[in-house]
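Shared chain: subunit A. Partners: subunit B in the first complex, subunit C in the second.
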Partner chain A sequence: MELEIKGLYKNIKQAEVLKGINLTLQGGKIYGIQGKNGCGKTMLMRCIAGLVLPTKGTVTINGKILHKDISVPESIGILIENPSFLKEHTGFENLKMLASLQNGLSDEKILELLESVGLSDAKNKKFGKYSLGMKQRLGVAAAIMGSPEIILLDEPINAIDGEGVETIRKVIIGLKSEERIILVACHDKEEMNLLADEIITMSEGQIQMEGSTEYAVS
Partner chain B sequence: MIRFELNRCLRGKGIKLAVLLAVLLAAGEFFGYRILFQETKEIADEIRRQQGFSPSGLYPSSLYEGFINGDAFTIFNLLYYYLFPILAVLPFGCSFFTDENSGYLKYIYSQKKKENYLLAKYTAVFLSGAVAGILPAIFSFLANALYLPAIIPNTLALQSHTNDSSVMADFYYTCPWAYFLVYLLLGMLAGGFLATLALSASFFARNALLVLFSPMIFYTALDYALAELGHSEFSISTIINPVGTHYIERITLGGMFLEISAFAAAAFLVFFFIGKKRERIL
Partner chain C sequence: MQFLRIIKHDLEEGIWEKRVYFLLPVLLSLFSCSGLHTQLVNLQKAESIQSLGTIMDYWIYMVQGSAPFEFDLYELFTVPTRWVGLFLFLLISLNGYLNNDLKGWGIQVLTHSKSRLAWWLGKVAWCVLYTIVYFAIYFFIIFLFSFSNGAKISLQPTADIMQILAREDFALYPIQQILCITIIQPFLLALFFGLLQMAIGLYIKPILSFVALLTILLASAYWQTWLLPGNWGMPNRTIPIFDNGFLPSVCIALLLSGILICIITGYFIFKKKDILEETET
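Presenting the complex of A and B:
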């Protein structure tokens, strides 16, 4: 599994949000992205997910260029910005509907998934009634549903309590495999060190530093 | 993808609201026609008979004159066709606006090709509008069929709105079910178009209410503008209402279908091409 980003630029109106990103991500690792608000972390994730068209440059997934050879990444799970689901449906129903977009998933698997993120008690509660932390947990569940090859998690532990953070961390680490790239953006440096194998530091739309967690910390 | 969208539509609140509104309209018309028209007419006929006069309407009321599409006597036909755009947009018309503004769209766009989603969304919204638009007519037909005979209307009974100048008047007095079937199809086409108009409105509106009312605004504005220009025959509200057909001497049946189909095609093109170019991912 390989994801290669070459000379990626993204302009929104007059503003350059991404300025020539070059990055290669390999399967089997958890990558952490850090940087100040507005440095381009979320936009980079949107470009990888194929949600926006790059102004210049390419995103290549397993040798296939996004928006050229493939319209969307073949296997991806995302949690970008706020978890947004259908308010009038329960957590279980929301996951079931999203699963139907990707060849479906059995009810048992969905229930297992909800249990893994600590939502088994709230599976029949409507999403509109979920607390912020519960919404975030459901967002993580949706992102990892179906074991996708690329998982993008933007602030996955936002609004989650201490115990929940540990649960989510375990789930994310448990997903690490050679066939999978996990990219996590997180403001909590301590958490990032526990979670990531490599840390990418971004500033003003560019990559400032890239390396192992120890290197980034030092 | 179409199944996914239709499934969402069927599980949503909007479809329940549309059914409720349709039931209220049909029930209102049913009681209105039964009580206000039929019973007062029977009393009046009895009085005339006792007074030695020939009672009017010896020919019994027909189902085709008594259900909401053919009823020219109570206010419910007018109310139905006034609320028609709201009814059409209620089930799923605002869904694109909600998908985009809630951020739900990012889950779909990360899994499926944009074009597939837009096409599925248009199809599901069109179908939901087409069905919701004619629900009061179906409910009203079923309710009135319990009491009124499905006999062919009679011109001499003077209980029908349709006269010689009406579109398909021959059909009405020979094969009324076919007459109303054609209007049902026109209603479905118009309902589908009006619901999909809300999709295009989603690109420009900042508020879900504006999206909900955008087809109504278009429908009413077009009606007033055409009335001012002396061309009411092209108004959608006139075209789809079987009671309003005597206004439309200058348009053929084919013209009626063509006009609404052209509107629907324009709504599709606007939605599809703007939707494809748009990058508003929250």
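Presenting the complex of A and C:
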């Protein structure tokens, strides 16, 4: 599994949001992205997810160029900003609907997934009644459902309490495999140190630093 | 398979979840039917007509539109409300769904669908099915209302009723020709407007695409010209109902071409569209 970003620029109206990003991500690692608000983390994730077209440059996934060979990555799970689901449906129903768009996932697997993110007690509660933390957990569950090859998590532990953070961390680390790239954006440097194998530091739309956790966090 | 799954999702979310909007065709058809029925009862009392008409009379009364308007200082332009309402309510019902499906939950759907083409075709299929259901509701309400109020179950318009409340020509030509003018053309026009609104909505805000379509609709009612597509689906401006009108075959060809162009152009716009939250744009 390899994801290669070459000379990626993205302009929104007159503003340069991403300025020449070059990055190669390998399967089997968890990458953390850090940087101040507005530094381009979310935009980079949107580019990788195929939601946004680069102004210049390419995103190549396993040799396939995004928006040329494929319009959306073939196997991806994303949690970008505030997770949004159908309010009038339960957490279980929301996941079931998303699963039905792919090859389908058995009810047992969906229940297991909900349990893994600590939502088994709230599986029959409507999404509209979920707390912020519960919404975030469901967002993580949707992103990892079906074990996609690329998982993009933007602030996955946002609004989640201490015990929940540990649960989510264990889930993310448990997903590490050679066939999978996991990219996590997180403001909490300590958490990032525990979670990521490599840290990418961004500033003003550019990559400032890329390296192992100890080096980057220090 | 992927495409079928997306269609299933769009049917569930886009039709079932938006079912409250189906009240609009119910209200418009009841408004149109009750208006016609009152007139028919009065005309029958005055012995101007012999019967309370047929289901087709009710349908034609609603979709006929208006004769071309000729500017006159002493005569005001009257909007053909039932004809405009038919398309206006459809546009209201369809507006916004596509764009809402590009935020939050919709992003999940898009990434799980794995293809922008499948996603777009799902929306096209949804628009087609929504329009079919929308028209079916009109038929159903008109059928129920007219039948329960003494109209005959027949697709043949009644000559004396048409002469007074529409144009006599509706009762003079073969039924197939009348069905084409009064059902197929308005349906294709509705579909064309729905898809056009969707395609334009990818470029500009949904509310603006709605305003643009509403402007086209009203301008079409005012001016009789090929350039305004509303004329392509207005029975009162079609040959043989109106001698100086448009040929149905040309109108249908234009509408089908328009539909195809909307589908293809919409896909190419969507293919290059950045999917961002409003705060990011």
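Operating definition for what follows: the second predicted complex is superposed on the first by the 218 of 218 C-alpha atoms of A that agree within 3 Å, B and C clash if a C-alpha of one lies under 4 Å from a C-alpha of the other, contacts with A are read in each partner's own complex, and residues count from 1 in each chain.
We take it that a residue touches a chain if its C-beta (ideal position, glycine included) is under 8 Å from a C-beta of that chain, and two chains touch if they have at least 3 such contacts.
Given the structure is predicted, the values throughout are model-derived calculations rather than measurements.
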Subunit B and subunit C placed together on subunit A: clash or fit? clash
For A:Asn37, decide between first (touching subunit B), second (touching subunit C), both and neither. neither
Check your understanding: Does subunit B (first) or subunit C (second) touch A:Gln14, or do both, or does neither?
Key -> neither
- Query: In the superposed arrangement, does A:Arg46 touch subunit B (first), subunit C (second), both or neither?
  - Reply: both
**OP:** Applying the touch criterion given at the start, work out whether A:Asn124 contacts subunit B, subunit C, both or neither, answering first, second, both or neither.
**Re:** neither
After lining up the shared chain so the two structures overlap, which partner does A:Ser84 touch, if you call subunit B first and subunit C second: first, second, both or neither?
both
Requested in this report: Would you sort A:Ile76 into first (subunit B), second (subunit C), both or neither based on which partner it touches?
Outcome: both
The shared contact residues of subunit A with subunit B and subunit C are 46, 49-53, 71-73, 76, 78, 80-82, 84-86, 88, 97-98, 100-102, 142
Contacts from subunit A onto subunit B in the complex sit at residues 46, 49-53, 71-73, 76, 78, 80-82, 84-89, 93, 97-98, 100-102, 142
Interface with subunit A, subunit B side, in the complex: residues 1, 3-4, 7-8, 11-13, 102-104, 106-114, 279, 281-282
Per the touch rule above, subunit A residues touching subunit C in the complex are 12-13, 42-43, 46, 49-53, 67, 71-78, 80-86, 88, 97-98, 100-102, 142
Listed in rising order, subunit C residues that touch subunit A in their complex are 2, 5-6, 8-9, 12-13, 17, 103-105, 107-117, 271-277, 280-281
